[in-house]
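In the two assemblies presented below, chain A is common to both, partnered first by chain B and then by chain C.
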Partner chain A sequence: MRVEYINPFVESAFNVLKEVLQGDVKRGELYLKSTSIPVMGVAAIVGLAGDVEGRVLFDMDKPTALKVASVMNGEELKVMDELVKATITELANMITAQAVTKLHELGFKFDLTPPAIFTGENMEVSDQDVEALIVPMETAQGKLEINVAIRERG
Partner chain B sequence: MTSQANPLDAAILERPEEGRKEKAEKVDFKMVTFSLGGKEYGIDIMNVKEIARAGRFTYVPNVAPFVRGVYNLRGDIISVIDLRVMFHLPVEKREEDALESLLILRVEDHVFGVIVDSIDKVVGISRSSIQPPHPIFGDINVKYIRGIVENAGKLYIILDIAKIFSPKAEREEHPAHYEAPAAATPPARTGAPGPAAARSGTERSQTVEAEMTSGFVKEGLYSFRHFAVTAVNEAWFRTRFSEWERLRKGTDLQLHEEADADAFLDGFSSPYTGTLWGADYLDAVTSCLPETDGRSLNVWNPGCGKGFETWSLACALRRKYPQARVKIWANDSDLLAISMAPNMVFDVDEVPEPYREFLVKGRNGWTFDPAIRDSIFFEFHDVLNSNPLPPVDLILCRDMLSFLAPEEQGRVLNDFHEKLKGAGLLILGTNETAATDAWKPLSSGAVSAFAKA
Partner chain C sequence: MKTKEDFPEINARRPDGLKPEGTPYRVLIVDDSMFVAKQLNQILTSEGYQVVATAGDGLEGYEKYKELFPNVDVVTMDITMPKMDGLTALQKIMEFDKNAKVIMISALGKQDLVKQALVAGAKNYIVKPLDRKKVLERFLSVVSK
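Showing the complex of A and B:
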């Protein structure tokens, strides 16, 4: 993945999480992965198009998703209902949108697809021929992984 | 089945009789039996499309020795593999255009022919009577044997065709091809006395000791700096090792910590690592570049580190091919090193003269002009993952292979071979060599360049 793309994603994830969760956010070590990657339980996905093709996946386990949604809504949410899903989807949208804005300022033109959310057990994601950049984020609510796979349009 | 009368049809007609002789046992597995090097073998009939006698296969250059060529099977071109060569069994001498016994096999969607000594018949057996392979059937790797079965007083070895010919197995075979030269020299971790055993007396014990020490040094290099001594850098290692012996004057030759490994590796790096290439090296690389009138040039620069070599190469290419549209994919798996590469700012007084014409003054200092900047994609990427690149004209990979594990080196070299166009050029580190039949060296001196053989 092009080096120029990395920072906007890392920065916007950090900023948005810090803002919406009102707490400390720690960034883990970035790494690359090319095999199929297990998904922790709740995954929001935003597609990218334009100069590039790819997707950004926000991955967390269910308790984390519930806690994050609770903080964002200012009320205690205990079950994985529509509200929780909508909240996580919105979080994914916010982070990606901010990253894309930053990229736009650098001269890269990306478009977003509407986000979608997946929940379930034992899921994995694999991308043919693209390696994914994993950005782990530690928050007070639990661990989130931002998984970015982008390639230049051939 | 073919319309030609062939032994298989006959064999099928024969079978019921035989079944009666065998009686009692339930027949739920049929195999085509044949002989190879005097032993009897069987293949699951479900994998056998047909059998034929054929010869005069069309030779295909540059393939593995066990591939005899291709054959036109009623309009379908299939490749023909000689099982005896594949399994290192003796091949009977035949006349030039004699017909060979050919089994046409189908594995998944692939159809291909295998040559055997002679095809016998179809034998029906009970699956339960197949016994697991025993190591004494040593001619053929045990993992290719599905089992052994006894029928009418004969022992048949049942081959696992799917394992031998599945596309996956083919892929795995390739690295082995590259490991071979490395294995000819003592591999990094063993330090075994091996060839010295035949020599005598004090000479022997000295040689053994020297080999042990060099084995330990190799081990140290690998564990401290992940530097693997293989065919890629063996020549350099040997020279350096005798130098090392002189430097340390018979004291402790072994590497005890990272600093020792660094001291040993001092001098391995190619010229101008971590800085823009000087005019001499720039000219040396430029002189290796082929004359071409191509309009577009794709370049791959894995292991570009901080990106200095990528910028240098981009300038060299622009000077050599001012009209061409150059695209360089530069990648490194060290995020910290590569993250500064795209936005490199230079102090104009420190930049060697040949580069100055390409510099422009920006807000923060001097940078390369947009045409050069736009020709380079710096990517955070691990070359061991899949490399989605178009075919490239040039690969620049200095001092990266040596720092991969031995089997990874073979894999990456294979990938280079695959991605490089026919007339393409591979440039390795000064002290590295591609060192196999697949590559031929182009120059000696500071630039270690290779073309596809």
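Showing the complex of A and C:
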């Protein structure tokens, strides 16, 4: 995966999280993961299509998802209901869209597909032959991992 | 004894969401995210606008616009949505009613996409994440024209 792809995601995750959570956000060290990705309990996925194909997966545990959704809605949300899921899904959509906008300005042409969300214990998302770069983000609400897998078409 | 009505509040500001004659501007929200729809609803109703309907995809948005017409003043239109995207729905609404006031609300801020939407007839374009001030300013500039 080309390194140029990853920076826009790091930047947009940082900016969007800071804006919607109104607090400090710290970026962790990037790392590589391959094939099967165990997720922490709540995973929102946005697909990419165009010059490249791939997907961005936003991974966090349930308490973090509830806290993030509570801040974004301005009310305390205690159960993983449709509103919490819609909020996390939209967060994923906003971060991916801002990154795609930046990549577009750099000359990479691709679009995103409507996001989807998965929740559950011991859930696994597996990709075939896809190496993913993980961007960990620390917020006051907990840790989020942004898992980016992109490959060129051809 | 004098009642409150004897002292008209000259400083009271008319909420942006009310037409000059005092009835609210009627809004149709088109967005596949329940979170965004709720957020927009809260921001708009707090300023006097009336949300008359919500649609979860472009096709439903277009159908609802036709159904509500002419009793709808402004549409907010998301872009990335299932079934029919917001740009297509915008074009269909403009074909149906060339005076429609559609405000695009998307997380995508690509220049060519914004241009494409404005050329197709959108009156404004708001890039998410949303905040109260940004939404109300853009709405005011659209309804006051």
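Annotations for the structure displayed:
Criterion: the second predicted complex is superposed on the first by the 153 of 154 C-alpha atoms of A that agree within 3 Å, B and C clash if a C-alpha of one lies under 4 Å from a C-alpha of the other, contacts with A are read in each partner's own complex, and residues count from 1 in each chain.
Here is the rule we use: a residue touches a chain if its C-beta (ideal position, glycine included) is under 8 Å from a C-beta of that chain, and two chains touch if they have at least 3 such contacts.
These numbers come from a predicted model, not from an experiment.
Applying the stated clash criterion after superposition on chain A shows that chain B and chain C can sit side by side.
In the superposition on chain A, A:Ile6 makes contact with chain B only, while chain C stays out of contact range. In the superposition on chain A, A:Arg151 makes contact with chain B only, while chain C stays out of contact range. For the combined model, the angle formed at the CA centre of chain A by lines to the CA centres of chain B and chain C equals 150 degrees after rounding to the nearest 10. In the superposition on chain A, A:Glu131 makes contact with chain B only, not with chain C. By the document's definition of touching, of the two partners only chain C reaches A:Asn93; chain B does not. Contact with chain C, but none with chain B, is seen for A:Leu112 once the two complexes are overlaid on the shared chain. In the overlay built on the shared chain, the residue A:Asp24 is in contact with neither chain B nor chain C. By the touch criterion defined above, A:Glu76 reaches neither chain B nor chain C.
Considering which of chain B and chain C touches more of chain A, the answer is C. Contacts of A:His104 after superposition on the shared chain: chain C is touched, whereas chain B is not.
Closest CA pair between chain B and chain C after superposition: 22 Å apart.
Common to the chain B and chain C contact sets on chain A is no residue at all. Those residues of chain A that touch chain B in the shared complex are 1-4, 6-7, 30, 32, 34, 129-131, 133, 151-152, 154. Partner chain A is touched in their complex by these residues of chain B: 333, 335, 338-339, 341-342, 377-382, 385-386, 388, 390. Against chain C, in their complex, chain A makes its touches with residues 16, 19-20, 69, 72-73, 82-83, 86-87, 89-90, 93-94, 96-98, 100-101, 104-105, 112-114. Chain C contributes residues 32-36, 38-39, 80-82, 106-112, 128-129 to its touches with chain A in the complex.
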